[in-house]
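Inspection log for the structure reproduced underneath, given as structure tokens.
Labels run A, B, C, D and E following the written order; every chain starts at residue 1.
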């Protein structure tokens, strides 16, 4: 497996500079956790890594794939679970996963999808439209995608929000296994306690700069 | 409700009996010299036209009952009534068109009665479609009930505006023929009996459909129940 | 409460001018239809004069439907409709707010539509323009009242755009007939009165009285 | 990639069609539109024949635009469009998926509309039906391509793009006029060839080639 | 000030029973916190209290106002900040608050609105459309409403999600002051650590029943 290397990345929206100079290296099996105040640019950084935003300055390599020039290729190896669930309310969990599978062109048969739904505890609701699900149920469903896709780089934007305690420990298990297989994880979070059980490297994003966090002043 | 449904079988047999008797009568009335054999369509056309209107009245009552008392029975009956009414309206239109081809030379004309019957059918279809567009029976039921009531307010306005529209301006190319020749003599009794038979038929179909809907809902509920205990 | 109604309408109108562009797509559609009929019919001025009421009303009807599809879309975005329903307002007030916002946009489109039609079809009845506009305004009031209600009804439904049109068209048939006929009589005789105008007014009153009530029922969970 | 395109269209179409009544509601929607035109124009059979192309094309335009409002709305709900853009697909494929879903719905309405128009307006040009349908299909291809692009523009909500939406009008107008004129010549002479048909084809090719590219450009941040 | 009394409340969506029998009494100054698994019905209960859902069974009194029969009146005294932000993306924070003010018919002049925006740290963004705000900024803005409205009953559905550490302590301060003035708070949350600083009564919702939580097996 291959590392993720971010070099001197900067980003602005119109005139507003959000990231000034971000340098980060994530090794296989490592989980980098971004902390930082609201609006400090964590989600922006993740969107850049997901090639959702065009890289304006600096460079970013996933192994030897340059995210800036080979976005289409890179997207095959990357999965982002963001603030939004990216779910279609009129489709059932099964259909939503089917949709995800075909869009991301991963191989997974119906049984695999059903298993993923079972794993996040939504089996009873597998064929009901997602629209009326509770916040946590939607979150669980959007996390179920992790079990289908086999990415190299996993981007998680506040993955713990809306999850109950069982959900949190299930998710930590999934991340742990993923790390064990040599996957890369970059996560943004406001819940140091929930990240605690994971082997991870904390970072602090402030004023557009990424700083290493010593255990003592972890945010 | 359930008792009513059990009783429905007898209603079905009764309807069948009366209908066959009426059909026998229909094929034994003397033919109209002007219209020929086609006149027999009348015995389907006129009763179903009346039933299409009558069922809408019933649908409105069920809708009001449902909004007021929130009774599921009313909802089921209202749902069934929409299908039954649509069927009668469709039969009216089709029989009318079939009749129209020999009588007026066209399938369709923009006449007051025809237009408002068409509007009624569209309304029925709209009600059915609206209900089916919801996953949630309560939401769907409430929306359709409101729509049905609005339709009830609107149908008379439509009817009269369509009448005025045509009578104030260009008269229809086929003078008055839609109101038809007055029906007298030996043609009349079979029509009356046929109308009775159609009322029975309507009731039978309504209850039949209602039972199907009820069973479907029970099944859905059982599936849900089973799922949520799994 | 009037302030709340105003604020609700304000939000929708502002939205449109900031970006949602219902207005421009309505106008766009209206102009395209006029062009199509011009190309299809190539009417001489006299024929054109006969066609004008039909053109105006059918365009108004269809553009209104287009606008209605979006009425509750902004409310979906962050669960905003729910937020609205949490306010200590009678449901009727919410209905009127939404209705007003939609009415304003429709009226704007209409005001542009009438002169455009006359120019494109070379119909020189400029003296009647105020009356034509008045008739369109009257019709639009009832039309949007019914439309907003149906839009609320079909909001969470599947394939709601087609459904909305399917439900609205038969219900507004009398309005359309009354509108076209009263416009005909304005063009023919220049007088605004007559039974058709009364029908238009009846329709407005009935729907503006019933729709808020229906909306209240609809929003109750 | 074909599978992804198919799945995207499937989501938009099949999901709507799961319930039995969608098809019939489209059929009756078409009937209701005809009802409106009848009430608006009250044509006699001869006039009706001349009106047919205009009726058909403006209905096509209407249903297409109506459908477009919905195209990207489902994508807004939970940030789904963003999810789509995260998939390892070229933007062109996403465009084609959305286009296809929209095209299918428009074509369905059209197929029902043509025979219904002829019956209800008593126009007896049954021999021309296949050609009329073919023309509508051709026009719809280009129209929906432009339309999806337009919907994407108004969706991304940067205000300068509403202007672009209005700029599209001059692009659609020639397509519509070409459609109407070629239909006129089919009805008049029964022949499908001619400069208008060529124009229609040219538009299709140009739009279908350019639109995916424009879409990709729009979606890039 | 007056207490909130919930008596034997039950709720079902269609045939699915979500709440079986919920009884709860909240005294002035008290903060009841609902814990429970995803999909257990916390948000449903809050929606019922906000009169968003019609009370199907049981009764609920806020002081002497019956929520079932006098919803319109009750809504004047209740503010719910839910999962969704209820914000309009095309409006600025200022306009969003203006909208809220007029809808809820509270008296607050423009300065008060500007102060509220300042208090949640959004001053620099007061006139920019909300659409592009970060998740936490949206959350902050939706919480700013608390400073404008003066409710008796405050309903908070996962109020801490997406907030950074400063945001959490600011919110706790607001709630604390509100309690001090004798307000009632009912909150649903998955973050016991963040609720910790507040004086509160924990409850556990499970199988449609509300149970008191002893400190030991707090969820």
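Everything that follows uses one rule, which is that a contact is a pair of C-beta atoms (placed from the backbone, for glycine too) under 8 Å apart; a residue touches a chain by one contact, two chains touch by 3 or more.
This one's a predicted model, so the numbers in the text were calculated from it and none came from an experiment.
The fewest steps needed to get from chain A to chain D, moving only between touching chains, is 1. The rotation that brings the Cα trace of chain C onto that of chain D spans 175°, given to the nearest 5. In this assembly, the chain whose C-alpha centre lies farthest from chain C is A. Ranked by separation of Cα centres from chain D, the top chain is E.
Taking each chain's centre as the mean of its C-alpha atoms, chain C lies 23 Å from chain D. Spacing of chain A relative to chain E, judged by their CA centroids, is 29 angstrom. Per-chain Cα centroids separate chain B from chain E by 50 Å. Here the spacing of chain A and chain B, counted between their Cα centres, is 57 Å.
Counting partner chains per residue, chain A shows two or more touched chains at residues 83, 90, 131-132.
Those residues of chain C in touch with two or more other chains are numbered 18-20, 77, 156, 158-160, 163, 166, 169-170, 173, 177, 220.
The set of chain B residues that touch two or more partner chains comprises 119, 122, 125-126, 129, 133, 136, 165, 169, 228. Note for the complex: chain D touches chain C at residues 15-16, 18-19, 22, 25-26, 28-29, 32-33, 35-37, 39-42, 50-51, 53-55, 57-58, 61-63, 65-67, 69-70, 73, 76-77, 150, 154, 157-159, 162, 165-166, 168-169, 172-173, 176-177, 180-181, 184.
For chain A in complex with chain E, the residues that touch the partner chain are 13, 36-39, 43, 83, 121, 132-137, 139-140, 158, 161-167, 190-191, 193, 219.
Residues 106-110, 115, 118-119, 121-122, 125-126, 128-129, 132-133, 165, 169-170 of chain B touch chain D in their complex. Within the complex, the chain B residues that touch chain C are 67, 119, 122-123, 125-126, 129-130, 133-134, 139, 142-143, 146-147, 149-151, 153-154, 157-158, 160-162, 164-165, 168-169.
Contact residues on chain C toward chain E in their complex (touch as defined above): 1, 3-4, 6-8, 11, 14-15, 18-20, 74, 77-80, 82-90, 220-221.
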